[in-house]
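These are the structures in question, set out in turn.
Each of the next two complexes has subunit A plus one more chain, namely subunit B in the first and subunit C in the second.
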Partner chain A sequence: MDLIIVGLLLGGTYALMALGLQLQYGVARIMNLANGEVLVAGAFGAFWFYTGAKLSPFVTVLVVAPAAFVVNWAIYRYLLQPLVRRAKSRGHLEVDSILATFGLAFVFVGIMLAVFGGEYFSYSYLETAFVLLGERYALNRIAAFAASILLCGALAFWLNSTRAGLTLRAVAVNPASAGLVGINVPRVSAQAFAIGGAVTAAGGAMLSMFLTFDASIGVIFTLKALIIVILGGVGDIRGTIVAAFILGLAETAVATLLDPGLTLAAAYLLFIAILLFRPQGLFGRRPS
Partner chain B sequence: MQRRLFMSVAAVAVATGTIGMSQANAKDIVIGAVAPKTGPLAAGAAITHWPNIKLWVETVNARGGLKLKSGMAKIKLIEYDDRTNPGETIKAVQRLATQDKANFVLAPYSTGLNLAAAPIFARYGYPQITSTSITDKVGPLTKRYSGIFFTLGTTTGFAGAVADILKKLRDDGKIGKRIAMVNVADAFGIELANAARPIFKKAGFEIVYDKSYPLGTQDLSPVIKGAKAANPDAFVAWSYPPDTFGLTAQAKIQGLNVKAFYTAVATAFPVFGAKFGKAAEGILGAGGINPDTPEMKAYIAAHKKVTGKAPDYWASAVMYASLQVLEQAIEAVGSTDRKAVTDYIKNNTFDTVIGKMDLRTQNNDKFWTVGQWQNGVFYGVASTGRDGAKPIQLKPDW
Partner chain C sequence: MTERERRILPICLAAFIAAALLPLADDGYWLALGISVVMYTTLATSWALFSGPTHYISLATAAFFGVGMYTVGAWVGLLPFPVLVLIAGLLGAALAAVVGLATLRLSGVYFVIFTLGLAELARQVVSWVQTTMGTSSGLYVLTDITEPIIYWSLLALAAVIYLIGWRIGRSRLGFALRIIGNDEVVAVHCGIGTARAKVILFVVSGCLAAVIGAIMAPRFAYVTPTQAFSPMLSFQVVIMALLGGAHRLWGPLLGVIPFTIVLDLIAANFPNQTALLLGGAFLLIVYFIPNGVAGLIENGLRRGRSRA
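Take a look at the complex of A and B:
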């Protein structure tokens, strides 16, 4: 039971890392390698507000997420849309966007280095024990888990039950046909990219409660998010959520039952297995 | 730079009344620095490495520069980011030597990058006074590279010091003989765990939990739960910065109460004390300083003034001491003759912020090994011959 709870908590953490990338990659078709840097920027925001004004990260999110939305929208509009326009195929766009966002990641790292400096950042917020069924868990992880569930729920509801969400999914399934039925694909893509950025930054603000971070650590989060998105299947947010929890549970089970040294191996084994037997991911569709 | 060079030449020329003569004697001394500004080790370098270079260059230039036979020479510093990539470190040293014509190049940051750069330092004859390298291979390395120096200590020295402390606590009846030991699965953690295992066993301890975890593990609670389930008397983690924070936070949350709690790198960082506050009290970690000597007091004050923040409680001072050694050697030789400077370092002792530094064996064998947070300061509690160690306190429960 303890194992399952720890695994779920870690899964929630992973969901926060990967949801934003799923929106950006699945809908806007941008393989955003600067995703981790946006997450770290969110973490810096939370750190800055907490140490400067004792503001809870849960309040900070209300500032960080809209700011990230605006910045990401601008990035999409002015940096990525030209790439989308001139791309001849999806593969072409993928290569271009990978190169562009790879460069963007360095720009972000440079800006954060200049603004905050290169040191380690860590603060204590809700770092107390929360007793559940006789076992002790970190309260900040529970809080982040709750936030991630809330976020997943809100996103799932929005995507499945609102018109705007449905439009987004239509673009995710087939941008060309979506355009034919009168959906403004460039605008929806920009929205999806911006929302993805906002979700990632919000996740960063949550994670900063218990992860030590520095300006150059973003790439670690990008990699993890990438694995989860591919595991879950590109273009389906449910897949990402499920994959995040599977990964969290698997890593915790291996760490507890076998050896903590094998967690990375377990994660990549899972990744390889999925690529071998279900290359489109858990919830992904086979390309037709 | 060209302009400053011209100005200083002109100034000296006017002063000596020899305008246009061949002896343009006041010349900058070009010193190169290569270390991570980005990449996995950038944060550590931003705390320990770069601020001390800044402080040193400003201090030396403020007093007119380095005193050479040809006159005072201001330091012209050229910095390169190696992105925590050994290949880049080597390339940058090469560039400094061939394109920038650096008179000296400061030793890079971390054990790995220093070892990677040792051959290229040797090729250009630069003295390489390392201050962030811990290795047990000092003997073979100094035999192979005549210009390399080690100042921070040895792997066995650090593992042995922890064993000594635990042994003393046990012999005094303060703790039992059960040790939970974990390490980060990285060169540093593996080497220390391998060194510590036989030392602990020989000292009569029982290692009841012995696991490693990958670098960058995002949830360390299974590790701490496992350690707690083994019911240890002492907890030792050969850890790196992010996991030092993660392990300590989890131990606090899980209520892993031991009388001796040790985490390795980053325990000595001011941010550790700032983050954990009262909970940091009694935590043991790698390093330590004696902050009460006049030299250290002046150093800490200057570091705060120039860089805006306090130095860490371990390698910062050693790093600054290594720069002082270079400074004193260059001034004693009075020129930028690298061979002569290296020989001078090998044949003399130096007064530094951490006390006398003797590098005659190319190795400083007097270093702080273990420190402990006491009343908000990370004091050295064990060393291999440094003065001023504080008595060890038992760690209170969280």
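Take a look at the complex of A and C:
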């Protein structure tokens, strides 16, 4: 029982981080290998404000997310759009964007190493116990979970029930046809990429409350987010959230029953299973 | 052999013999640099054997390299060294086969994602095995293999890799891979078993990287998981191959020689900014010389010829 609750709490924060990547990959068609670095940058932002000014991470999110929005918008506009224009096909764009964001990931790691150094970081915020179903849990995990779910819900509502969300979904389904009905596809793609970055950075700020992190840990989160997106099905918000909970549960199970150092193995096992049995994702449709 | 290949062959042989004489001339800095150059040449060329024609970007070189290194570390002293190198090659091939069979039937994205974390996964598993078996965090590799022997083994391996690459380029398999790289749908419609061709070549590439790791192991007296499965290595190999030009067999060599020297300078002068500088250099390559130095040379030649 304890295991399931801890797993679900972790899954909530994972959902937020994976939704960010989902927007970048599903709508803007950029497989962003620097996604984890944006998350770590969000974590560093929360750390910096908390240790420097005693600001709660829930307040910092209001600074971190807009900052990530601006940075990611600039990245898309000035680094990735030239690749979109130069690409002859979707496959060609995939190769180019993978290479470009892979290089970008190392640039981010280098900047964070230069600013913060190579040590491990963590801070204690809301470290009181919270009793749930007779067991005690750290309040920071519960708070991070609640905030993440709130943000996920708001994002899902925005995507499903507003006109702006509808345009985003139209681009996700087919960029060429979206252009035909008067949608400014490059602009919407840039927006989706920037919002994705902001959501991921917010996820990082949430995770930093209870996770120890360092400058070069980003690649692990990139990998987890990618596996969640594939598991849930590309372009499927509901699938992403379900998949995030599955990964959270699987990781917690491996960490408590086997060894905390083997969490990546849990993610890989899920990944292999999905590749062998349902490569289109849990809720995805088989391509005809 | 074509007329052109017959003309180039003596030049290649002469360059190879000249390279083999290096340890006789110097056994300090230049030999160390020579080992780095040959190691990265072999790694980048074997990477480009698969990723060059198919455009499937493998980010897992460090995983195979580390598997080779750890094979030697685990059984050194129990088995003769050549046998260990052989086992390393087989393990590397087996790992590549698992990755290939799981991902290469599907689209390239799955392959990239799988290889992205593979080195980290291997590092976690090896660390876990070491701690549960109660041994220390690393392994001693004490042999009487000296630096000149490592250098010559790598050089011989480089010759083998170039021969393999040349053979594949002329075979049906190489032709099939070039078609896959140009348009996979067309390749399927031609009746090419695309998954089979890709898996075979990825296995060759992974096996070679593991063998290189095994040969390099005696150079480090003490092997740790963090060092054997360093993500930086995968990144460096991709940069060098792309800088040189991954679409030609001789391309990576053109990237390795300048980059190894630059890397040496960066590591000596800016040890803390390595990731930043490498990332920046990589972006410049992706944006401004997408076909590498080999592509630039070919364009220059073509322009020269059309003008004449």
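Just so it is clear, the second predicted complex is superposed on the first by the 263 of 288 C-alpha atoms of A that agree within 3 Å, B and C clash if a C-alpha of one lies under 4 Å from a C-alpha of the other, contacts with A are read in each partner's own complex, and residues count from 1 in each chain.
Note that contacts are C-beta pairs under 8 Å (C-beta built on N, C-alpha and C of every residue); 3 or more make two chains touch, one makes a residue touch a chain.
Model, not experiment: these values are computed from the prediction.
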item: Touching partner for A:D259 - first (subunit B), second (subunit C), both, neither; value: both
item: First, second, both or neither for A:T222, with subunit B first and subunit C second; value: second
item: First (subunit B), second (subunit C), both or neither touched by A:G91; value: second
item: Which superposed partner A:A53 touches (first subunit B, second subunit C, both, neither); value: neither
item: First (subunit B), second (subunit C), both or neither touched by A:L211; value: first
item: Which of subunit B and subunit C A:Y137 touches, first, second, both or neither; value: first
item: Partner chain in contact with A:L9 - subunit B first, subunit C second, else both or neither; value: first
item: Which of subunit B and subunit C A:F121 touches, first, second, both or neither; value: first
item: First, second, both or neither for A:P82, with subunit B first and subunit C second; value: second
item: Set of subunit A residues, in rising order, touched by both subunit B and subunit C; value: 106, 109-110, 113, 216, 220, 259, 261, 263-264
item: Residues of subunit A that touch subunit B when the two form their complex; value: 2, 6, 9-10, 13, 106, 109-110, 113, 117-124, 127-129, 136-139, 141, 210-217, 220, 224, 248, 251-252, 255-256, 259-261, 263-264
item: Contacting residues of subunit A [partner subunit C, same complex]; value: 31, 33, 79, 82, 91, 94-96, 98-100, 102-111, 113-114, 216, 219-220, 222-223, 226-227, 230, 259, 261-265, 267-268, 271-272, 275-276, 279
item: Subunit A contact footprint on subunit C (complex, rising order); value: 55, 57, 59, 102-103, 106, 108-110, 112-114, 116-117, 120-121, 124-125, 127-128, 131-132, 184, 231, 235, 238, 242, 272-280, 282-283, 286-287, 290
item: Sites on subunit B touched by subunit A in the complex; value: 37-40, 42-47, 50, 182, 185, 211-214, 216-223, 225-226, 241-242, 245-246, 249-250, 252-255, 266, 269, 271, 275-277
